[in-house]
Structure formats: structure tokens, C-alpha cells
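Structures given as C-alpha cells follow.
Shared chain: chain A. Partners: chain B in the first complex, chain C in the second.
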Partner chain A sequence: MTGPRLHPFTLLAIAGTLPALAWILPPPVGGAWTAAIALALAASRGLRPGLWPALLTAAPFWLFLLLLHDVPTTIAIGLRITTMVASFVWLVAALEPARLVEAMVAAGWSASVAYLLAATLSAVPVLKTRAQRIVEAQRCRGLSPRGGIAARLRALRALALPLILSALHEVDERALALETRGLVPGIRRTPLAPPPDPVLERAARWALLLACLAALVRRLLVPSPT
Partner chain B sequence: MSIRLLALIPVAAAISLALSAAVDAVALPLFLDTTGTILATALAGPGVGIATGVVTSAVNTLRNPTFWPFVVVQIVVALYAWVAARAGLFRSFRTAVPAGLGLGVIASVTSTPISYLVFGCTTTGGIALTTALGKALGLPPLGACFFGSFVSDFGDKAVTFALVTSVLHGLPRRTAARFPWALRAIGAA
Partner chain C sequence: MKSLTLDHASFWYPATASPALRDVSLEVAPGEVVALVGALGAGASTLLLVAGDLAPRVTGGRLEGAVARRDRSGIVLPTPWTQVSGMAFTVWDEVAFGPANLGWPAHEISRQVDRALERLELVPLASRDPATLSGGELQRVIIAAILAMDPGLVLFDEPAAELDAEGARTLWRLIRVLAKEGKGILLATSALDALPEVADRVVWLEQGAVRAVGTPDLLAEAAACDAGLGTSVATVWRDSELPEPAPLTIIDAVRRWR
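And now, the complex of A and B:
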């Protein structure tokens, strides 16, 4: 397992570099290499959390590409999309949000930015559960989601409105909680346990950036044989 | 940015992502994934709206990485919603729905080059199928791509604008007054 030991910024740099190279390097060889690396990384997290989600997410794109394009174009674009999908699936499996927040705070990012990501990630499942409860409650009251478009739109309003209004009423509570915890914009916080960021990894991140720039310059200067 | 507006951003982003449960229940071909962006803009202005759009895209990307390039669309939506809020277009359905249809056109124009250049027009199943239909109708590749985006965005954005209008009018005045733009957006200030 390579993921947990790497600094969160290194994970992000790898996951960003692979799709960038997939688009910059000449197809199909460049895309084949980046897709192979990205799929290998995804597989390194295990079949169930890594490789299968990557393959299952990428598969429909290949199907639709074949529907819309010829085979060489399908292969060129399909390999790029596969690289992008596999890189992000690997990233999601390897990156712990709490470590990312700590790393961002340690790097001097505003705690507000870190809060936005962490709070959204935690709010989505809560609101989804509430939405499901509202759907069931409205059905108990006789709301029918069937019929013509007008009836369905009325049903949608009856389901969405309570969800959104209840969420907005929480904003004040959240603001009060943030104020109590001292999350005032502009104030720098001290990270409790910042992830170690070795010099080697910092150098590797710069190397990845330079590799992308070099590939881009080469692509612009040397015309692709295809 | 005040603490209240900071707290609004993740709530609005989560609204965009959680509305899929309501859409699934009524089985309509809608996304409503810009609801939070438009709502946050109408309540608190373009800065909060853009931040909501970017956070929505970032969190959506963790679910499906192909969403990230479309972050540009979220930013355009926030800017458009700001103009609509300044003009008080959320004051009634009669003004909000045409404004939403206008946004549908702008969103399609914005998303088409991204979809065409990055994904070869194969973003999601429904859009890819309408793109294939456009191709079967004899449209050129870029035209078919725009057709696919337009069919999915046009109605979606009109419904989203109508929904945000309902929310803004459903908010108690005292709550609405806590957000800097809410009353102006509904033409009450």
C-alpha cells in the first residue's frame, strides 16, 4: 500500500499529473502508459475499493465513445478518461480528509478553506438521509410522484422545499458553533498532528510539475505523428 | 466574509448534492446540481455563490472524477444568478422561469466545448444518448454535442430557478433579512 504513507499534497500531485500527462502525451501510447499506471495505483488499494470502481466508472464512457466516434478516437479519448477516473478513484481511496485538512492548515491555508471541504463532506450524507425521510413522510401524507410532468414537478417542490428550508435554518446554528470554536476568518490555527512532508516528497512534487511542463513544451514544439 | 456566509457554503453545496434523492423519487430527467450555487448567490452574492459552486464540483468529483472540468459551468451559473438576483428576477415564477431558460442556453454553451474537447461528448449516459440522437439527425460533431447539453440543461435550469424562487419566498422575512441579497433578489428591497 503506497497511499497512507505519502503526504496528502503528494497524493494530489500524482492524481493531478497522470490525467494531465494523458492529455498532453501523444495518443494512444501516452494515454496507454498513464492509464496503466493509474489502474495499477487503483489496484494497489485492493480490488473492491480500487480497481473495480475505476473500471466500472470508465466502462460506460468507452461504450458511449464507440457510439459517437471511430475506433482510433475512442481509444485515444477512452485512455485519457480511464486515466482520470482511475487516478481519482485511487486518490479517494488513499486520501484521508482529516490528514488533508491538517496538511492544508500546516501549509498556511486558511482554516476556512479546510472547513468548507470537511463540512460539505459531512453534510451531504446527513441531508441525503433527511431527503429520504421527507420522501417517505410525504408519501405517507398521500403525495404521489406519478402522473404527468406538472404533477411530478409539484411533487418535486413538495419534496425539495422542506429539505432546503430546514437546511437553511441550520446555518445560524453552524455559524454559532464555528464562532464558539474560534474559526474566525483571517486567524491562523495550529495543526494538532501535521502529516510529515519529507524533502524527497517535496522534490518529487516539483519534478511532477516540471515533467508536465516539459511534456507540454515538447508536444507544442514537436508535431505528433498522428 | 462573515461566519454566517461561511457556514452557508457547505450547506448550499450539500443541498445541490442531496437533491438527487428528491429527483429520483419523482423520476424526472433533472440534475438540480446547481440549486445550491444559485441559492447561495441569491442569498449572499457572487463570492459565496462561486465558492459554493467550486465546493460542489470538488465534492462531486470525489464521487465521479469527470465532474471537475465542469467547475467552470458552476462559476458561470453563479455569475448569471448574481445578475438575476440584482435585477430581482426571483420575484415570481413569471420572471424566474425565463431567466432559468436563459441560463440553460448559457450553461449549454459553456459546457459544450468542455464536453467536446475533454470527453468527446460522453459525459453522462443521458447526455451521450441525446448527443447520439443529434448525430443521427445529421448534426456536425460540435452541434450534436451542443444539442445533447442543451436538451439536458434547458429544462433543468428553468426548474432550478423556479425552485430557488419558491425557497426565497418560503423563507421567513426575518431569516431572509440575515442574508445580504435575499430581499433584493425577490424584489422586496
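And now, the complex of A and C:
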């Protein structure tokens, strides 16, 4: 990665603030702004790792909302969901789990909790990689994921079952492996290379929190017409 | 005190009726290398998990009998890719993951990591991303990672499975060095030909129970060869119906031949 990197807590703060504001600010303008910012952030990670996954994940929600609600409600909720999805996609792409662990340990969190959070955030790319490996293995056995709907459903079944079973199996293996690497409760981990946390970033995080609180107070005192 | 003592230990995995270990009694002294041999499913991996205090504490299940350890143990699992933390940018960071979790001071972590990297000949890879390593390189990284935690008892489960011939030879030499430093070593392996040079004692496991214990000469006996647990030379010697006793190693065979 090139250029200056934001502290992991700052990344988390941004990814948390955008969805919060999307739900607090009056629709549809508030949601439009937050969705635009979140999509721009996702796009900043590149089209394939950032923007496309965000748009493709948000698209089905828009479809179901349209089936269930009128157009203004669909737009209002759809923009909020898009903000949530795009913020999460951006966070997963931008946040390096190892830096998060180091930052949390340096801030006094337990290494187990830090690892759990970091592992959760890195679960999506890990599962994606494993799914690709399973698809390749199934191709070697003559099962193509292309073709008509029936062929695709067959391929999906052949993908889903090993993916879920292997993920469940790995939970046990990981627990065992992490124990062997000394990750046990009750011992304070030594931070090896805690990421720098400049005053400006700390102030920015407080500003984001205050912005959310201010927006919430305003929303409660001045109810929106919708 | 022994590095490890198992006294009539039996172990059941969760939701199983028959034990994976049956009434196993075993001792490993400091500076001793004990090898576990047996067919697949004989219980060697389970014995290592019990010895490493992972079964039943982490795996679940039920343990009967007594297990005593003098020192902290470190275990090298047979699948290095599952033992990687996934939280390191470089090989150095990966090896330091365990010592850092133990809360050691930074200078001690640095000393242990550098020493472990040197021992496993990993210094040239220190700045590499662990995700880009081959299976054999990763195996060496995990062995270094466990040794960097300075365990008094080291448990190896098929440590040479991912290594090439030269890497395996380096590992066997290192195991002897570790034993000379006073560490107790318990080693489950199917690399039977290496054991005469590496192991002080061999424990033959069969269906979770100890069938025989002895020096590596055990691997030249008829029963072991018939069970597929003889060294290559001893097995070929016996298959050829050459005169007893069967040699254990190629050097023994050459000596006999002359």
C-alpha cells in the first residue's frame, strides 16, 4: 500500500459514522450524501475490490425494497442500506487486520478480543479465496459453474456445502492453532509495531462522534416531514 | 522431574464411545527425543494434543488418568497453513506473533525471533509476506514460530511432511540440537528411516494403546516390519529373507555386507 495510512480506529470511526448519519439525517438528501461518500470511498479502493462489490451487494436490497414499498420509501431506505454496504466494503478493503490488532493491543484491549474483531473483518476475503479454490477444484472434476439455471444451481450446491463445512471445520482448527501460538486470555500481549495515532486523527474521530450526536439531537428536536 | 509424564491416560473425543487413547503411560525426560510411530489412526496426533494440554481443554472430550508437564509445551501441527496467524505482514512478524502473545519484553522477543530464524535458515525470508511462501517454507516458519516461544517440551506432529529432503535433514539435526539443550521432544512421524539417527526411544502405538516401547532397533524387528513400521532397509532385508538380525540403517547393512 502506498501513501499515508489512516489509523485503524479512524477507519472504523468513518465506517461507523457514515451509516449512523445515513439513518439519522433526514431522507432522502442525508442518505444520498452519505451513500455518495461511502461509494466514493469504496471506489477509491478500485473498481473490482471496492465499487463493484458494494453496488452488487446493495442491488438486491433495492429490488426487494421496491417490491415491498413505494418509490420514496425505497429510495430512503435503499440509500441507507447502500451506505452501510459501501462503508463495510470500503472498511474491509482498507483495514489491515494486523494493524487493527496492534492498534487495539496498544490501546489496552485484550489480544483475544482484538484478534476476534480482526478475524471477523477478514472473514469475507478469506471465504472468497476459499470459494474460488473450491470452484477450481470442482472444475477439475468436470463441474462447470457456467451454463443454464439448472447447471448453475448444481454448481452452487457443490460450492456451498464444502464452503460451509470447511469454514466450520476451520473454526476448530483455528482455535487449536491460536492456542499453540500463545493467544490465551489473561496475558497482556506486547505491541510489536503499534500504528501511529496523530493528534489530528484523534481529534477527527471525536469530531465524527460529535457530528453524529449533533445530528441525532437535531433530528429529535426538529422532526423531518417524512 | 520429567518433561512430560502420562500415567494411564485415556482420552475420548466428544460424542465418541471408544477412546482415541487407551491407558497410555509414557515419560519424556529433558534432553530426550521420543518418537511415536503407528498406522494412521493409531492415536499419535491425539497423544500430542493431550501432551500439549490442548485435549480436552480446547478440543473437548474426556480425559482419564494423569498428565504432568514440567515446562510450557509448544506443538507443531501437521498443517502449517492452519497454524499461521494471518495477522503478520512479514515472516519476522509471524514468528514474533507467539512471543508477543506471551507478553515478553520487546528485546527478548527480538532475540528469540532472530535465533529461531537463524536455526531454521529463514533469515533470507524474514521480510517476505507469509502468504507468498511455499508449503515447505511455511512449515519451517511455523517450527521457528514455536521454537521462538522457547518451550521446554516440543511436540512435533509430522514436522517433515511439507519439507524437501534437505529441509528434513536440517530439521532432524535441529531436533538433536534442541534435545542437547535440554528440551524434551515428542515426535510423531512416518519418516521412519530418520528415526535411528534422531530418536532415543520409539513408542509403537496401535489403536490408541502402546504396543511396544524400545530403542530405534524396534524398527528392525519382524513385528514392526510386518506392520509396515520398519525402516526401509530392515523391511527389504526381511522381505529378501536375509539372515537375522536385520540391519536398521543403510550404514548397518553396508557394514554387514562387508
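General observations
Basically, the second predicted complex is superposed on the first by the 153 of 226 C-alpha atoms of A that agree within 3 Å, B and C clash if a C-alpha of one lies under 4 Å from a C-alpha of the other, contacts with A are read in each partner's own complex, and residues count from 1 in each chain.
As a convention for this text, a residue touches a chain if its C-beta (ideal position, glycine included) is under 8 Å from a C-beta of that chain, and two chains touch if they have at least 3 such contacts.
The structure presented is a predicted model; accordingly, all values stated were derived computationally and were not measured.
When chain A is checked against chain B and against chain C, the one touching more of its residues turns out to be B.
Contacts of A:159 after superposition on the shared chain: chain B is touched, whereas chain C is not. In the superposition on chain A, A:181 makes contact with chain C only, not with chain B. In the superposed model, A:79 lies in contact with neither chain B nor chain C. In the overlay built on the shared chain, the residue A:25 is in contact with neither chain B nor chain C. When the shared chain is aligned, chain B and chain C each come close enough to touch A:119. Judged by the touch definition given at the top, the superposed model places A:170 against both chain B and chain C. Contacts of A:11 after superposition: neither chain B nor chain C is touched. Of the two partner chains, chain C is the only one that A:189 touches; chain B does not reach it.
Comparing which residues of chain A touch chain B with which touch chain C, the overlap comprises 115, 119, 126, 170, 172, 174-175, 178-179, 183-184.
The residues of chain B lying in touch with chain A in their complex are 1-4, 6-11, 13-15, 17-23, 25-28, 30, 32, 35, 39, 51, 55-56, 58-59, 61-62, 64-66, 118-122, 125, 128-129, 131-132, 135, 141, 144, 159, 163, 166-167, 170-171, 175, 178.
The touching residues of chain A, counted against chain C in their complex, run 96-98, 101, 111, 115, 118-119, 122, 126, 170, 172-184, 187-193.
Those residues of chain C that touch chain A in the complex are listed here as 49, 52, 54, 58-59, 74-75, 77, 79, 82-89, 93, 96-106, 109, 145-146, 149. Here chain A touches chain B in the complex through residues 23, 57, 60-61, 64-65, 67-69, 73-74, 77, 80-81, 84-85, 87-89, 92, 112, 115-117, 119-121, 123-124, 126-128, 130-132, 134-135, 145, 149, 152-153, 155-157, 159-161, 163-165, 167-172, 174-175, 178-179, 183-185, going by the rule given at the top.
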